[in-house]
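What follows is a set of structures for review.
Consider the two complexes below, in which chain A is the common component and chain B and chain C are the respective partners.
Showing the complex of A and B:
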């Protein structure tokens, strides 16, 4: 009798306790989520607000958190400035050219490494070289690049940046494409080979069409990295070949109080990257981990 | 693996390799050889037209006895060792939060997309943005903290607090990397052992520490390797946020090398410093290489 009573009581009691605990757990989780969202969203809001505030509204204490008295003048000044237009164009050209070069050259390398057994254990030698290259801190190449480009008369030109960025991106492309080729079934290629297709024909007519989307994903990652790159551009350019990250960074020294223009130009350089990131969101983890995690 | 493709392909293969391997030689081997030579040289750039001449280990002994270099190295180490554990713990918590059944799935999906934003922010913009947010007099962070009676803090404006500020910004920007990788890992865990443990009466903490996290060990290894390499290389956002200052309080190895080379134009010394940096990174790189090559066995026809 008592046993029965206990048996009927116990689940009810524990269920009530569970419900209370889960409520606290839920409140705590949503609290954390709100903090997380605030830390992500507020800085972006602040950047947008700063790009639209009147100059007189920046240096107030406490700062103005919300106002409807906005202006587009910072945007007009930032984007109307012919120098900034030139820097944006430079960045676009350098990024596009080096992305295409690195993606093509790296894809060819990766295909050979994935499919052909080279003599002298070259597969392994090349793979290790590529990994070592990827691990390099770029700063260790910046000084020799600067001096070599000076000797070649390429300082402050777009080709200098294209060379540096193609080199920077190549190891990444090769490694990521290698992991994509690994996922590609070999049977079709094997069948084509039996039918007498040469390696070039197999690559051109079978592999390339199948891996176009992987190449796009890889290229987008490269594009984002090169677009944002600061160090090489800082080292190799001074006036005419400057890219947009250098232009933004130079606000700090030259025009430290132009917060509105600083913000407007920052947003202008961020939007293309963000749009690209959204298109490759599915592959982001793969790109970040260098293909180590398929995501 | 298998000799699946014909031997005649080797000529075409060499042709395929040519652009990539050529570019790697030009963009890595040539500058590295140049910088190695330079690091053993003297170069009086004040004399017009002077060229560098090999001079032995002078730059290395000067460098290794200079206090500035060691302080920069120590700062790199402090920055990395401070940011990494915070990113790991916070990243794990966020990943658990966003995969929790107690949070609405729409909201956590939205948060995952929003988490791309700090991650994709160009590092220079990140630096500029936090310059504005953490401005001592006119920034919103100090003003908001003031409302609850905290501060004002000096953030990046004073040598004592600059390093902590850099670490804070780094954590805010890159914890997403850790969370995103772990979210993938958590979602791919087999549900059976977790259900079994629940049935056996294991609490949520035990399930977390004894079932979920141990299964994610390989993910953590990759995260640690990637983060450490990237933390040691961090340059862009620090350049935009503090420029290595105030004084040299946030001048880590990268900035130290950059300053020696580009501001003081001491190219041989900067080259020597890059080589010491490279050699210091070697143990870590070799470890990463072993891991990567081991995981790539199936990628290669070797």
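Showing the complex of A and C:
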């Protein structure tokens, strides 16, 4: 992407007199890129390095920025620990289930809100309530959720997290998909009606395939949000339903700071997001432009 | 056997706005009927009502003698071509064509056979594996029509299918479409704002304005005998000359005076005009020329502007009192800008309209 943008920006330097100028210009552009890249890449490099350093190298006077003396022991400890394995699995289950639930339910809500005119200006009322729910700081709902889950006897279970995350993500999904459906040309659905589709067939065969890429984008945002979520996991779980962000945070203990394991686990926890982003990249690029470019 | 469609006393209100006002249209089996009118005249609303995309406020839709008001498009057996073509963007041309059949759960082999048939008919066989976005405007339109004609339908509705094509293509497709529907013999309702499409394609035109039917009839009949001033000005290009005038009598013979024009009236027209004094005079451009007609009257004018159409030319005349009148000359008439002299009016083709109701007399 970046390379392409650069190439199109580069002036057509066919004459020899322009060569120097374009060379300087290029050096300048690449210089900027390198700085930018360093800012973005360095933390990741630091994380990777820390996960491989020996314990003794963590607290040296000037920090060790580069070393070939590496070890996999932190990785073995972090991933070998059955508790951490369980937390990773918890996170995966909770994230997958709530992403699918929130995306599906939110898309259906949005479609109905975009296409059906409810009586008594209910559309407007619902839209505003969704917007308010979306603007609510999540922290203010954490305690109510805690009390609710205690009443339901769901504390420290995966369903508690799934319910909370789906609930939190629903307004977001609905709002995003609603703007998408409002932009979707209605004549296509009218054509489907004339071709004999019921409302569900219309949704299933025409609207759903057309909105797949925006659903993917929405799902990715939900996925990342849920995967990284700390507050609710901290509030609603204590032991068996703990998720990986809580586990990572708890490395900052009272009497020890396990940098190595913490780094290893952090990397292990962002790999799934990276993989997910790579697999749906095709949709992501298309989806980001879905509002701007039609067709 | 083709079906009949009857839109019976249809009214459609949106809040206080009356989009369609007590419209009745009867379409005979196999007839190609065009709803024509300026934008906002209710023609598309009427089409949507026929397609069950909208419900009429009052009135009924009768197909083959059966009241189908409460039925959906599929039950009515309606096929429709949309203005924007409304192809399914995620499906290939093949799947687009087959979609109406797939919804009706037609067996796969049968779908494949009929898709190929429709593709042959529309000459889009080589495009079957493409997606709509890879097609040109004309090709998309063919697919849209193919999708409409692939299944047997009672009535085919066309919503301005030519308006997105460029001018040259539009004239060609116009003729092709007319031939296609004549060959298939499907009952067809066509909506357009372009009077030339209405004139060239239809067996019958229905002229609408402000949700009301102004006139319906064969294109030439509407052209020759417009029911009111609106139809007279809307149908035909160049526009009919419409001049406010007064009825008078020249030595006992009935006549009409409009600016520089002083025309004797036939006995029939004089009788129709009755005791009115104010009148609107309507004369088509082709009935005003520099050469005399069999039964003509003349006035003097100067040619201010000539619009050449190739085989003929539109003459813009300016009379002594500043009035402007359009006439028409064949290619070799030999007159041009700046010419002045006697201009003749074909008295047999003069129309009179009531100055208040604007209805034809």
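The rule we apply is simple: the second predicted complex is superposed on the first by the 230 of 295 C-alpha atoms of A that agree within 3 Å, B and C clash if a C-alpha of one lies under 4 Å from a C-alpha of the other, contacts with A are read in each partner's own complex, and residues count from 1 in each chain.
The working rule: a residue touches a chain if its C-beta (ideal position, glycine included) is under 8 Å from a C-beta of that chain, and two chains touch if they have at least 3 such contacts.
All of these numbers come straight from a predicted model, not from anything done at the bench.
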item: When chain B and chain C are modelled together on chain A, clash or fit; value: fit
item: Partner chain(s) touched by A:278 [first = chain B, second = chain C, both, neither]; value: first
item: Which superposed partner A:195 touches (first chain B, second chain C, both, neither); value: second
item: Chain B or chain C, by number of chain A residues touched; value: B
item: Chain B versus chain C as contact partner of A:50, first or second or both or neither; value: first
item: Contacts of A:187 with chain B and chain C, given as first, second, both or neither; value: second
item: First, second, both or neither for A:206, with chain B first and chain C second; value: second
item: CA minimum distance (chain B, chain C), superposed complexes, angstrom; value: 6
item: Shared chain A contacts, counted only where both chain B and chain C touch the same residue; value: 190, 193, 295
item: Chain C residues within the chain A interface of the complex; value: 51-53, 72-74, 78-80, 82-84, 86-91, 99-100, 103-104, 133, 147
item: Touching residues on chain B, where the partner in the complex is chain A; value: 1, 3-6, 8-10, 12-13, 16-17, 19-21, 23-24, 26-28, 30-32, 34-35, 38, 93-94, 97, 100, 102-103, 107-108, 111, 113-125, 127-133, 137-140, 143, 146, 172, 177, 180-181, 184-185, 219, 222, 226, 229, 232-233, 235-236, 239-240, 243, 253-254, 257-258, 261-262, 267, 270-271, 274-275, 277-278, 281, 285, 288-289, 292-293, 295-296, 298-302
item: Chain C-touching residues of chain A, taken from the complex the two chains share; value: 185, 187-188, 190-197, 201, 205-206, 209-210, 295
item: Residue ranges of chain A in contact with chain B within the complex; value: 22, 25-26, 29-30, 32-33, 36-37, 39-44, 46-47, 50, 58-63, 65, 101-102, 104-106, 108-109, 111-119, 121, 123-124, 126-133, 135-148, 163-164, 166-168, 170-171, 174, 178-179, 181-182, 186, 189-190, 193, 198-200, 203, 224, 227-231, 234-235, 245, 248-249, 251-253, 259, 262-263, 266, 269-270, 273-274, 277-278, 281, 284-285, 288-290, 292-293, 295
